[in-house]
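Presented sequentially are two complexes of chain A, the first with chain B as partner and the second with chain C.
Then we have the complex of A and B:
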């Protein structure tokens, strides 16, 4: 087990700067998920830690050792690949024992460690099989088994669940979580699936365009996004954003294209410098509620139901409010509400919704940083 | 493979199937007839080599020609076979040993001149061996490799290597990079990953490459004729020519030699046929 520390880590492929100086400390024993859209640099970060790519700048530390110039085999890491990368010509046993044998571990110990890992992952009956005779889920377990027998300081996992079907993915997610609790090895897990990130990680690192946007616990990144990108990326359906004009004297208001919402007293201080300026107002779909409101803080907004998606336990309403003229650049305000399935709304209906302003967000229109 | 063929044939109309079979029968007959005639001639007694009889096994069939080829010390059949085997096996082995790492480099690494290098290798295949005869001969004289097996092997390598590199590179391209990377993380060096992971996975491609290189050397005549002048060094294609006299050719032993010589190739072909069919199509169908 070890802490992993990245200092100003940079990587360029030719003229393309994929990582633009990342600073990240992953505490010993944590399960950290690197989350971001395709091309954000998360897999590159993992490959740099693994030693499969060479950094063009910065330093990588595993424990106290700087590993930039060490080959993968000397970094004491194990990696689970997206494709599993099991050796097709070896049996499950040999796949798991391969790394141990290369490190000169005695035969009895190899046997003992492979058997233990196989037992833990319920692979014992499959040990004599070749990978081609295994199902996707079994292959995935062998890939994990190959990583854990090595007893490495750090586990690296590159989207290990993306080739599994939805049901197996949920099941394996739970198993990985349990495995981490049991082994307590520092784990760095790359995914673009936010559900995996939020459920697996003790810490989530959100990346975009080669930069870390935010690092925090799953609830941190969900409830207190550092910027508009994080707010829009984490959560499904994504957060609703409205261009808004900060208006008023003593009491402040968000003036949207077609409606106006009060700024809560708690948020006034943060928004005061933005008086007379444009900001981005953000509200999550679950904080858009059906109803008339109280007329004071929870001001009702009239909107038309464009599309209704019934998901069983909840309904997504795709709403639009009529265009207004207050904000010059405003387009028609479309937003999503996540409501109770008993809500009596139909497509084409005109409904009244209220925003839970206590859980609203505001972002600087230029820098996109969170104002509150 | 046969399974797929018949499955596909089932869906076709009977006329189409008839036509396909007819073409196949004609093609097989055209390929087999000369071979069968050679076998027939090899079984005839020396007096009736020019007989007009068309039966496959002549009525007075005898193994005398085989006996004379195999056991007549003046013929030197075993020397030719030994020489041919040595040249062909070494050609195949050296071609594999050199082509596999070269192909791996072409498949995996980025280096200056990679693309031109590959195209250059391909271009060398456009020239028939006879065209290269004079320059090869002059080079071998300079290297004092005339009348030397290594000279001949060197010439064969120049034909077999580019082809082998192309075949192997195409195959290596189909092996995902992840496997080597997994091996690096498990503790191998790049060379270790090549030997422990890539080569064991490439048996089909290695087999056909070896077979092609072997056959290039096994049945080659013209270069051998130029490089080897001492009878003791003759490979079988040169050796069998010595059975032809200026005024008279002993066709019985000549045919017997031809039949015997084809046996190692047939055996090799049968041994590797499984790989040959899969190996040739692997590059095309594997993602």
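Then we have the complex of A and C:
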């Protein structure tokens, strides 16, 4: 087990700067998920740690050792690939034993370690099979098995669940979590699936355009996003954003295109410098509630239901508020509400909603950094 | 009731134990009625294959059992006689057959091993991120694009004892000239060099195609597993190339075993029969000695040797299987 430390790590492919100097410390034994959209640099980061790509700048430390110039085999890591990369001409046993044999491990020990891993992953009856005779889930377990027999300091996983169907993905996610608890090995896991990130990671690192946007616990990144990108990327459906004008003297207001919301006393200090300026108001769909409000803080907003999506346990309402002219850029405001399935709204209805302002967010319109 | 029109459920037809009780003629007619267009479309290809493969094949087998030669093939007075397995008896009782067979095997083994080894080496080089890779590929495929006649003539001149460039180079560094085309041993080396040079591009192209179909992730996984370059080559490259290499080696072996052009054009099997292989021997029997029946029997023997080789090779490598 070891800490992994990236210092000002950069990578360019020709003229394209994929990683723009990232600093990241992954504590020993943590399960860290690198999350971001396609092309954000998360897989590149993983491949740099693995030694499959050469960094164009910065340093990589695994434990106390700087590993920039070490080949993958000397970094004491194991990797699970998205396609699993199981050797098709070898049996499950040989796939798992291959790395150990190359490292000159004694035959009896190879046997013992492979059997232990196979037992742990319920692969024992499949050891004599070739990968083509396995299901997707079994292949995935073999790939994990191949990684754990090596007893590496760090596990690297590159979207290992993306080839599984939805049901198996949930099941395997739980198994991976249990495995990590059992082995306690530092794990770096790359995914673009936020559900995986939020459920698996002790820590989530959100990346975009080669830069780390935020690192924190899953609840940190969900409840206290560092910027508009994180706020919009984490959560499904995504956070609603409204261009808003900060208005008022003593009491502040968000003036939207067609309605106005009060700024809570807790948020006034943070928003004071933005008086008379434009900001971005953010609210998650679950914080948009049906109802008339109390008229003071929870001011009702009238909106039309454009589309209604029933998901069983909840309903997504795609709403739009009437056109307004106050903020020139926005002519109509569309937003999503996540409401109880007993809600009587129908498509085309006009409904009243209130925003849970205590859970609202505001972002700087230019830098997109969170104001509160 | 019309038997042909009786509907038999599909699942009953597919069951292994089911045997259609209708007479063959009825079943045949129904089959033809259903597949008329398919057979119609197959006819042109079938006719061509009959004319170019099946008829000559049967004709050669037939010819092999006769004493057909220049004097009786078109003679109004003499007819070729049926000699049964006589030609085969003559072949197998001739000690020269075994010498030539041995040389043919040596010729084939040397050539195919060199084709595969050099082809693999060049393919691995060309599969890397080289600058001007396209240019190298084109240059290396060139020998394949040159007509064999030209290649043979070119190399024949290169091997000329007095003015061939190989000997000129050897002499310029103080080594003696080699009697390339006048000494049986060196003549054999000379034809081998020519045919190796000629056969490398084919193997290289086939292997390069195979290499490019190997996902880089396997190599990455092997690197992380701790495999050296050689271990990656042995454990990833070779097993992945097997499905490509097996048919290529079979083809290469058959082509080399039967390669008349190079030897005939460079040495004509000489000097002193030192470069004679089975196929040049057959050619000589047929077109120098005009013993058509004997040559046909010889061809049948070659065919059987290659057939046995192919069957054994496919079995031994199980290369026809998917990786």
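The criterion applied here is as follows: the second predicted complex is superposed on the first by the 372 of 372 C-alpha atoms of A that agree within 3 Å, B and C clash if a C-alpha of one lies under 4 Å from a C-alpha of the other, contacts with A are read in each partner's own complex, and residues count from 1 in each chain.
Just so it is clear, a residue touches a chain if its C-beta (ideal position, glycine included) is under 8 Å from a C-beta of that chain, and two chains touch if they have at least 3 such contacts.
The shown structure was predicted, so the numbers you read here are calculated from the model rather than taken from an experiment.
*Asks:* Would chain B and chain C fit next to each other on chain A once aligned, or clash?
*Replies:* Once both complexes are aligned on chain A, chain B and chain C clash.
*Asks:* Touch test for A:88: chain B only (first), chain C only (second), both, or neither?
*Replies:* Touch partners of A:88: chain B and chain C.
*Asks:* Does the superposition put A:13 against chain B (first), chain C (second), both, or neither?
*Replies:* In the superposed model, A:13 contacts neither chain B nor chain C.
*Asks:* Quick check for you: in the superposed arrangement, does A:132 touch first (chain B), second (chain C), both or neither?
*Replies:* After superposition on chain A, A:132 lies in contact with chain C alone.
*Asks:* Could you tell me which stretches of chain A are touched by chain B in one complex and by chain C in the other?
*Replies:* Dual-contact residues (chain A): 50-52, 71-73, 77-79, 81, 83, 85, 87-89, 98-99, 102-103, 146, 150.
*Asks:* Could you list, by residue number, the parts of chain A that touch chain C in their complex?
*Replies:* Checking each residue of chain A against chain C gives 50-52, 71-73, 77-79, 81, 83, 85, 87-89, 98-99, 102-103, 132, 146, 150.
*Asks:* Would you pull the chain C residues touching chain A in the complex into a rising list?
*Replies:* Chain C residues touching chain A: 215, 217-218, 220-227, 231, 235-236, 239-240, 242, 322-323.
*Asks:* Report the residues of chain B in contact with chain A in the complex, numbered from low to high.
*Replies:* Residues 176, 178-179, 181-189, 192, 196-197, 200-201.
*Asks:* Show which residues of chain A lie in contact with chain B when the two form their complex.
*Replies:* Interface residues on the chain A side: 50-52, 71-73, 77-79, 81-83, 85-89, 98-99, 102-103, 146, 150.
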